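Letters A, B, C, D, E and F mark the chains in the order given here, with residues in each chain numbered from 1 onward.
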Amino acid sequence: MIRQRYQSIIIQSICSLLIPFIQLFAIYVILHGHYGPGGGFQGGVLLAVSVLLQRLYLGKEVAYQKFPPKLALALGAVGMLIFGLAGIVPMAFGGSFLDYAYLPLPGVSGAELRYLGILIVELGIGLAVFGTLVLIFDNFIGGRW
Amino acid sequence: MSSLSILILAPLLLASFLATLVGIWRLTWAYIITIIGIALSLAAASAGLFRVLQEGTLRHYLGGWPPPFGIEYVLDHLSAFMAIIIVFIGFVIVIYPPGAGLYHVPRKGVPMYGLVLLLISGLIGVVVTGDLFNLFVFLEIYSLASYALITLGGNRAVVASFRYLVLGTIAGGFYLLGIGFIYFSTGTLNMADAAQLLPALYSSPTVVAAAALIVIGMGIKLALFPLHVWLPDAHSYAPPVIAAILAAVQIEVAGYVIVRMMLTVFRPEYFIEILPITSAIGWVAAAGIIFGSLMAIAQKDFKRMLAYSTVAQVAYVGLGIGLANPLGLIGGLLHILNHAFMKSCLFLIAGGIRFQTGLHEVSQFAGLGRKMPLMMTAFTVAALSMVGIPPTCGFFSKWYLILGSVEAGNWVFVAVILTSSLLTAVYFFRILEKLFAAPPNDDEAVTKATEPSPKIVVPILVLAIGILVLGLINALIVTRVLWPVVALLPTG
Amino acid sequence: MIWQIDFWLLVILIVAAVTALSLHDLLGAVAALAAYSFFVALLFAQMGAIDVAFVEATLGAGITGVLFIIALFLTKRRTED
Amino acid sequence: METYYSLKPLLAVLVSLLAVVLIVIPNQRPNVRESWTIMAAVAKFTIVLSMLPSVLQGQYPEITLFAISPGISLALKVDSLGIIFGLSASLLWVLASFFSIGYVRGVPEHKQTRYFASFAICLSATMGIAFAANLLTLVVFYEILTIATYPLVIHKETGAAIAAGRRYLVYLLTGGVALLLALALTYQISDSVDFRAGGILPAGIGKSSLILLFILFLTSFGVKSAIMPMHSWLPAAMAAPTPVSALLHAVAVVKAGVFGFARIIGFIIGPGLLQKSGMGDFLAALTAITIIVASLVALRQDNLKMRLAYSTVSHLSYIVLGLALFSPSAWIGGLLHIVNHAMTKITLFFCAGAIYVRTHCQNVSEMNGIGRQMPITMSAFTLASLGLAGIPPINGFISKWYLVQGTLDVGQTIYAATFLISGLLNAGYLMSIVCRAFFRGSDKFVKYGEVSPSMLIPLVLTAMFSLLLGLFPDQFPFLFQLAARVASNVLGGGGP
Amino acid sequence: MVELFIARYVYLMIVVLLIIGLYGMLGKRNLLKKLIGMNIFQTAIFLFFIEGATKAGGSVPVIDQQLGMAAAQYVNPLPHVLILTGIVVGLALTGVALAFILVIYRAYNTLDDKAIMKEMSK
Amino acid sequence: MKWFSALVMVLLLALMLYATSDLPDHADPQAPANTYVSPTYIENSVKDTHTPNVVTAILADYRGYDTLGETVVIFAAGLACALVLMKKAGEKEDR
């Protein structure tokens, strides 16, 4: 379906300009989740969209070199691992599963620690969603490993 | 507070992430991690069962937030019982060689191990959670994983899986609506908390509809007749290992949810007296038992026959729920355990036969009994257990179900159970006759057949021995594990 | 909170849903579905659930639509029902 | 009547299961395999015999293994009734093992490992039935027996054998589910399934549930003891090899059914309740009809084994009729007939097997003059025939005597007449064979001689036993003692 | 009457949507149409939850220091969380189902349920 | 099939109408859902987690485990798509 580079130079340049901004916005959305609408899911989706856009205008071959499909799966798994570890690490320090108050971060405690815990988890979610959506997309357009 | 309940689940989840990650580069490592993860989980589940037997219910507040604000994990007798069945069957499934268990191993097995682990962890999550919505999430996890795994059986399996997905989504949607009604009536999602608040609202149409929606949704998942339409295709086209775990534990988990709703969230009296839910389930299940058995007799393909047999066997669980007295429910719950062992054993045997000879139709099996004595002995044990011959475990679930039906004075159920024993005997002895007595056909597949490698035979034998052992120790299971579960039910 | 907004949005939703199901051109149906999702997102926002609205707009209307369209390109566009 | 803890009942059951393992392992070496069979048989008989003295003194060995269902244990107890059955079955296994070896090598049969293994399982199950201390244990072993017999029935793997196997399964599994339901009902009604002389059902039980329970028991045990109209599997199952027919269809399987009746009538329902509800009369009538009809049918059979099968059908009903009369003498007669019929009938089957191995001849009409070629075999046959017909010096006479006496005790002369008529019919269908064998000439059998000793000796031994039991009943007082004690316990309402 | 209508109409319309979705899943033969129906069905359930979370006079559940922390000031946030989960689950299901559709089309060259059945029974 | 699905829909319609008849009114502040558990989140989220967005606080902390499950769902979907659509060796690149 998406074989080669999209031929129109306008679209190419607009997309290549747009992508960093989308990614920046995505990261903002992830980090801003504490204060307003946003968070891991939305940010992850936006990140994925940026990569999808790249796939679309660069064509599969080039885009796969820039962002290999394996990396998507790896990122997804890493995101899940971050989330899982955020759950399991507090248990090693005497808390419940996902009890951020027991995260072993020196210098912060109580609500601050929970704040950070939420941030970590949101990052994990973002990575996982990002990786997984790119993975789904790659598989749909017939990607190879 | 005890972390054992989450420790059953956490290794599975972490192992699935890790297995996916390392599987991108080295498939062997993924396999090793899978086995380690599930072994750890098995250890935790065993420890959990022992702790529960000694100390009673174990609770774990996830995130440290007490219910009803946070999510609670509850490991009581029922969930510990289910958890150990699930993990044990999962363990056997995982150590069964993929070459025999799947028709073709994906070129890179990366997603497969992860999905198998997610399937098992989803089932565990449903079983140990004490939160209504959390249950939904894990329900979807295991459903999604099973949809995907069924497709390993080829193109037909994909179609079957798609239909299962559509129906499964309806089931999930109904469940979600049901808990929505409960939530908006009570304001809580915690099961124990809802159980406190619901009695005041029992006459409310909303709560009635919630109960009905949840039971219908779970009835679809449980493949309760006439909602079973997805099951025969899905289970017969799925590769044997996957069919084994689906038939053995995946659908029974839906039965668990109904039991949980009946015992914990709503009071049993509500399901029995105020709403005629249990008797409806019972009658539907009775019809399903007969229907499934008859359809199984009509099948030529071995796995398809097993799939229809699952429709019948799962209805035994439904019948146990329908009886709603202690002995009947014990029979139903015990049948979950027994059926898990019997059906997974049979599906693994189907896989072994197909791997070794390429045969899948019953009529072609003539003469295999001599060629694969060990496998066929295991098959005989499992078949006898399905028929309900003592001292195999299958006898005892029927025994309790009959006791329950007699106690309830429900002679139709008694007749159904007894009739279905005979019908089951028809379709299993037909195969036994073929295997051992019929003149072997000259098919090259049969004449050249040999006993498969120990890797295939050992898991099957473990299950077959398990069938016998469970039969002998069933009193222990019933008195120690299941009596506390059904103690809530009204007797007589 | 003006109830008429909710009401008309819901009416639009029903129209969009029926359209999505009745169109014989699948691309049109998918477009109707995307519109439906978008209006659902609007309704969510109107009901005070901005987070959900955001997710519905990105996931429901965005990604789902994209996936549907890819699937459409790889299969058939017309249908008998 | 005391019980004491002993491992022996368990050993008696397990020894043949152990033999199964040992039989299966040396798959390709017949001698090793068969020596295991013999050793297990001898060991089993020794164990059972060693329990006899204490049982005679009223000390019952008992072992409770573990709870198999809450409140019900898997328990074995050797009481007077059980040891009668156990003793005869285990003794005859020894002889049948020797005979089997001769038979399977003489024919020769295929799949001998499966054959011997199933045989051993059957005997385990039979011992379990004999020594079961409660109904659930009995049911467990009963079903095992049903299933383990199936491979023996279909052993020949011909179309007829498979059809017979199907019929066997249909009948026996139906009986099995009826038994399961009866078990559940019993448990529900009386909260216990332990055997107790005089019955465990509460006296206040409703009549309809009593009748239902009885009908269920009648279906389940009636199938196995081939009471008409549930008998048709037994003649069909004669498709099995002859030693199987001999042991299983004269001793183990069908006698398990009869033994089940003894347990049900005496130890579960209780004679009192049965009599009161009229079900006893019903059972007696049914069995009386079976006796006569089966004898008549037997007369018309040309196939020797079929003729013997119908004879078995008839004689099983003797025993059940005896049990259903509720008179001590009839009970004693019935219980003695378990042993006596086993001895004589197994002799007849052995003879049929010997004839088959030697001449491949199955039909009575072809047996003219065979007596001159196989004199020992046919002498034993004659002896056993006389015994079955109830001619005095042979053991069959004794049990029949008591049975008739029992009918007269309770004033049921019609049943006395039944026994006498059936005796005549017996003589008719069996002695006609003897006549053909000895007094009709034929040159067909000139070249045949006697069978090999491993077959000949067992059949001579069983014939001699029949004769000894008949000639010197005083030398075997324990049988009478045991039967009399069971009768007095059950009917007198005494202890266990 | 109008009061009652205002109090109830959202539920009614959501039920209508639910039924439309269910019709799409069960009554339509084209697999993609079934999926569209599935999306409508799920969204109707989500709407039901969000509708239940509304509160007269409640605002967006982001704590505003000026508004204070009184619970009555904000709409109920819990259903929002549940529905976030629900939407993601719905996307996951749709994605997987679309993947199935691609495979089915490759194998049978049609998306019509009946035609596929016919092909399969061959 | 047609009449069956029609029947199912009619039954569901009846059930839903029956059920909704007793639900709390639209936007009722006194509804149980609005008064029982959720106020605690609103009142405590800033104190407990320093997160003004209550939805995020619930999503990632109070009910973080649900979110783990939800992320696992989408992860599973990714794996499922990979499993279903993964090309076997030697297969054509595209349709």
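Simple rule for what comes next: a contact is a pair of C-beta atoms (placed from the backbone, for glycine too) under 8 Å apart; a residue touches a chain by one contact, two chains touch by 3 or more.
In this text the structure is predicted, and so the values were computed from the model without any measurement.
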Chain F and chain E - chains in contact with each: A, B, C
Core chain by centroid distance, with centroids computed from Cα atoms only: B
Between the pairs B-D and C-E, the one where more C-beta pairs touch: C-E
CA centroid of chain A to CA centroid of chain E, Å: 25
Separation of chain C from chain F, taking each centre as the mean of its C-alpha atoms, in whole Å: 17
Centroid distance [mean C-alpha coordinates] between chain E and chain B, Å: 29
Distance between chain centroids, defined by C-alpha means - chain C, chain D (Å): 78
Overlap residues in chain B, where contacts from two or more other chains coincide: 13, 17, 20, 62-63, 108, 110, 133, 137, 140, 144, 147-148, 151, 158, 183-184, 189
Residue list for chain A, restricted to those that touch at least two other chains: 1, 35-39, 41, 73, 76-77, 80, 84, 87, 97-98, 100, 133, 136, 139-140, 145
Touching pairs - complete list by chain label: A-B, A-C, A-E, A-F, B-D, B-E, B-F, C-E, C-F, E-F
Contacting residues of chain B [partner chain D, same complex]: 370, 384, 387-391, 395-396, 398-400, 402-403, 406-407, 414, 418, 421-422, 425, 429, 433, 436-439, 472-476, 478-479, 483
Touching residues (chain side chain E, partner chain A) in the complex: 62, 84, 88, 95, 98-99, 102
Touching residues on chain A, where the partner in the complex is chain C: 1, 36-39, 41-42, 45-46, 48-49, 52, 133, 136-137, 140-141
Touching residues on chain A, where the partner in the complex is chain B: 70, 73-74, 76-78, 80-81, 84-85, 87-88, 91, 95-102, 145
Chain E - residues contacting chain F, complex: 6-12, 15, 18-19, 22-23, 26-27, 51-58, 61-64, 69-74, 76-82, 84-85, 88-89, 91-93, 95-96, 99-100, 102-103, 106
